[in-house]
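Take a look at the following structure, please.
Naming follows writing order (A, B, C and D), and every chain is counted from residue 1.
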Amino acid sequence: MSLNDLIFLLPELILLLAAAAIFILDLIGRRPDDPDTLMRPAKPWLSYVALGGLAAAALGLLPGVGQTRQVAAMLAADPFAIFFKALAILGVALVIAAALPYMRTRTPYVGEFYALLLVSAAAICLVVSAANLIMLYLAMEFLSITSYVLAGYFREDRKSGEAAIKYFLYGATASAVMLYGMSLLYGATGTTDLAGIAQALGQRGRADLLWLGGPAIILLLVGFGFKASLVPFHQWAPDTYEGAPTPVTAFLSTASKAAGFAILIRVFLSALPDLQPLWVALLALVSVLTMTLGNLTAIRQTNIKRMLAFSSIAQAGYILIGVAAVAAESGATAGPFDGINGVLIYLFAYLVTNVGAFAVVIAVENRSGKVEIKDYAGLIRRAPWLAVALFIFLLSLAGIPPTAGFVGKLFVFGAAVRAAMIPLAVIGALNVVVSAFYYLNVVRVMFFVPPEPDAEPVVVARPLQATVLLTGALTLLIGLLPGWLIQWADQSVRLLAWR
Amino acid sequence: MVPLTWYLVLAAALFAIGMFGVLARKNAVAVLMGVELMLNAVNINLLAFWRYTALGELVGHAFAVFVITVAAAEAAVGVALFIAVYRQRDTVNVEELDAMKG
Amino acid sequence: MEQLFFILLALLTLSAALMVVTTRNLLHAAFWLILVFFGIAGFFILLHAEFLAVVQVLIYIGAISTLIIFAIMLTRRIMDPQQPRFNSQWGLVGGLAALLFVVLAAVTTRVAWPTTSATLPAEPIKQLGADFVGVYAVPFEVASVLLVVAMIGAIIIARERG
Amino acid sequence: MEYISNFFVNLGNSWTSLLSSFLPPWAVILINFIIVALLLVLMPVIATMTLTIMERKIIARIQNRIGPNRVGPWGIFQAIPDAIKLLTKEDIVPVNADKPLFNLAPLLIFLGAALLWAVIPFGRGVIGQDLNVGVLYLVAVGSISTIAIVMAGWSSNNKFALIGAFRIVAQLLSYEIPMVLAMASVVALVGTMKMGEIVELQSIPFLLILPVAFITYILAAAAETGRAPFDLVEADSEIVAGYFIEYSGLKFGWFYIAEYGNLLAVSAIAATLFLGGWRGPFADQAPVLGPLYFGIKTILIVFLLMWIRGTWPRFRIDQMLALAWKVLVPLGLFNLLWVATMIKLPLPVWLQWAFILAGNVLALLVTLTLMGQAAKRYAARRGMVGTRA
């Protein structure tokens, strides 16, 4: 590792420094021998320090733009990583802005909350650029452990603690299983470098490769699937998404999930290209299971957080179509990266949309503490702007034009069609129809069911307004003018060590 | 000298036992203990592979050190969660954690 | 000689591991777990990884077991011997675990692992130390941040109210 | 000359070849193994027999008493009747005790005390096993005692025992960190973890280069052995006798032996790491002097610890934890960083060492000043006597 490499680590360094600064700034004025100062709420401006740190980290991405190289022996600096780092920073910034009024009334440790979110943003940056199994494992655990803490942040709340314990137990098990797969790969190749693994596996015989590759892929998929909440590694997701503090749910279901997809794509494409037929088949199967199960269960939900949790599982299924469609490489018509660019577009659109939807949920919950779908009755009268925003987000989640979700779905389904995976695309389309049913049910409740007589208008704090406005605008912008995102995604499919 | 496969079969057995503990036990702390068994199985794998296939570089060593470090951090957070939940519920039985259904 | 030692140690470790997952009394399970950790330290010595053996004792036995034992003691009602130790599907799970073992063992015996003829490095600890500030500098730093974050998080979650 | 300076190693070789002349190789290994193991096991017992009487005499002097004076000249054989008394006492196991663990704990704690001696060099070549991870091994073995203590506290089925165990585990874990930091600064200085090599490379006692590490180590050692002023675990007025309250007879004896075994062991480690171990004038020419020097240095440290015990009042638990986390850990961290930086400077070794010493002294002065100020603020807030307005 040389000092020159540090410039590629700027975003991570800035995020960690900002987190450390918040930890320390939060402590100033608190005295250990005086309980009153200990329980005093955090300084409100700390959130702006956090947002400033994120902005600085985004600027820190610039030196790495357009580069494709190995950094510090363990990390890949490539456009793919930059895309996901930008995604993570944007996602965490939106979540912090949305969390501003919500957290302050619910926990005394608000400063630490922002700091931990920054730390998890740094963790995602490391996850998506890991080019070595050791780095990958450490970064994923870094993200997981921070997430466990965030999920259990309301330690006096029954649901939050339960959410965190379930997340923790599933996560610890999944990472142990994934680790076993990594150890097999290390044993077979003598290296933990992703490119090195691909090279060593390429020299193996076919039968030998299957005996090793089959188990290794399944074991690795347990870990990645856990992060991306793919069926059948999704059991934690509904309870954790429902029980965790709502801003944390927004984070887990978007930025954290994107990290899972990023690492899945990177490892499978750059370390296991020789096993492609095997994992394409497996991912296609998982994709079908994920979207079908997610959608069918989402229909029955009455709690909006839980409904969005299952919807987010289903969305992971759609995204996975794009990864499976990578087989198009062999086809003559398509470019080599079709499918992956669809995944990137979809993830960006989904992140903006889902954070926006959760921001609306936060706004309603912050005022009333209610998270049932029936509590959204007559929202159009109590908070017209919120209702319109949620309407846009739900349209986008259902994939109806002119919203971001439509563009994302167009690209992943298109990739599947071009890869001649017609059944996959058909099942996806059927699922979209099913999902529209429960998304539009919320719209019906908001617009056409009269509000409870004692329902008050929803007052929304300014940072939260900004989040809703920004995400809503982005959702529409991507839906109407998707060119810039498509171009960016096309450029970002360049992976280090891609053959 | 002991053949490599002995170590690998041993690790597989330990991993399977740990997996059984994770899936069958009711108590959260017992589940955590199962996870620790699985992680130890992985460490045996890593060091056996280091010893028999890649002696030149200490990749397996370094990997195992990181696994142990992460295991410690994970256990600390996990135990904190168990204690917090026990304060609210008087139980850390996984099956009794059912505030949410659906 | 070495093979005999391996077999004895393996029997000890695996039976202790079985006790960990089947013992009714959780605290006894924790002490069986410590025995497993010792057994694994023994395997590390057999593999000429003395440093890892000592680290195993230091971290797993000194820190992680202590944490687990504290957790058991602080959540004491779970010690109640009347409670069933397994959930309802433990029979199915046992079958699955046995299947898992068979599959993994089959895999490990089928795959041709590349064997090396290299000799043990003279000073593995020195090389490891240099690696940690060289090749593994970034993971090493990440691990340190990870530990700090875990510590802060654990305090936030488990601290006494008020 | 060469033969003399490696006297003990050659002695061992001669012994092994003598055995080999009429025994198969595996029997030679077995016999040597048993001899070393016996010596290791004997060390804590020897420590108990000698140190108890020493401690009672010294504490008596400090408190202006005479101490034991009945058995033998000046009462030096007092330990023998004590041992007999202990052995003949009834062995009681509480009714609701967790019997397997209750019986295992004393053995385990004794094992922890005995294993420490495996890597301590008594003279050149006189060392059970010069592990290449020697220093780390010492720390790791210490964790066995922690487990044994928890086991004893839990299995007794007595709330005082359990509270005592919790307390001492908190104490042991807290003080392990400054202890490791102090040891690590020595390791950083010499670049090896082999105990034998650390002594060989110690041309001047490291006490003169790393006084802060030495002080940290001694305080941590006092805490690790659970001795006054860190004897909260045995605070008679609070929790009776701590984690081994329910033990009697021989099982109590194991704890007792382990306690004094640990005391001697931490002193021997301090002598090895900071006082040059077996080195001394003419130790190279006459290797027999080596163990003698080592013994004298060890006893000096033991005396220091007893002196501390005799003169300092007991800490409160919050004070004990605060000392570890707020004073010793930062100090140890600074020390380690300072040593690591200095040895990388392109300077002659003696100049590096001088810089390290200067940094140590400075750190010590700053710490003492800060602690003094904190004490004054504390006293002023509580309106205590002796505060200047």
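FYI, contacts are C-beta pairs under 8 Å (C-beta built on N, C-alpha and C of every residue); 3 or more make two chains touch, one makes a residue touch a chain.
Model, not experiment: these values are computed from the prediction.
Student: Using the stated contact rule, I'd like to know whether B-C or C-D comes out ahead in C-beta pair count.
Tutor: B-C
Student: Indicate the whole-number Å distance between the mean C-alpha point of chain B and the mean C-alpha point of chain C.
Tutor: For chain B versus chain C, the centre distance works out to 6 Å.
Student: Taking the mean of the CA coordinates per chain, how far is chain A from chain D in Å?
Tutor: One centre to the other, that is 52 Å.
Student: Once you find the CA centre of chain C and the CA centre of chain D, what distance in Å lies between them?
Tutor: 29
Student: In whole angstrom, how far does the Cα centroid of chain A sit from the Cα centroid of chain C?
Tutor: So the centroids are 30 Å from each other.
Student: Residues touching two or more other chains, restricted to chain B: which are they?
Tutor: Residue numbers touching two or more other chains: 8, 15, 18-19, 32, 34, 48-49, 53-54, 62, 66, 70, 73-74, 77-78, 81-82, 84, 92, 94.
Student: Among the residues of chain C, which ones contact at least 2 other chains?
Tutor: In chain C, 51, 55, 63, 70, 104, 113-114, 116, 135-136, 139, 143, 146, 149-150, 153-154, 157-158 touch at least two other chains.
Student: Among all the chains shown, which pairs meet the touch rule set out at the top?
Tutor: A-B, A-C, B-C, C-D
Student: In their shared complex, at which residues does chain C touch chain A?
Tutor: Chain C residues touching chain A: 103-104, 107, 110-114, 116, 134-139, 142-143, 145-146, 149-150, 152-154, 156-158, 161-162.
Student: Within the complex, which stretch of chain B touches chain C?
Tutor: Checking each residue of chain B against chain C gives 1-2, 4-21, 23-27, 29-30, 32-34, 36-37, 40, 43-44, 47-56, 58, 61-62, 64-66, 68-84, 86, 90-95.
Student: Using the touch definition from the top, list the residues of chain D that touch chain C in their complex.
Tutor: 98, 100-101, 131-133, 136-137, 139-144, 146-147, 150-151, 154, 162, 166, 169, 173, 176, 193
Student: Show me the residue ranges of chain A that touch chain B in the complex, using the header's touch definition.
Tutor: 133-134, 137-138, 141, 145, 148-149, 152, 155-156, 158-159, 161-166, 168-169, 172-173, 176-177, 179-180, 182-184, 186-187, 190-192, 238-239, 242-243, 297, 300-303, 306
Student: With touch defined as at the start, can you tell me which chain C residues reach chain D in the complex?
Tutor: Spelled out, the residues of chain C in touch with chain D are 25, 27-28, 31, 34, 50-51, 54-55, 57-58, 61-63, 65-66, 69-70, 73, 123, 125.
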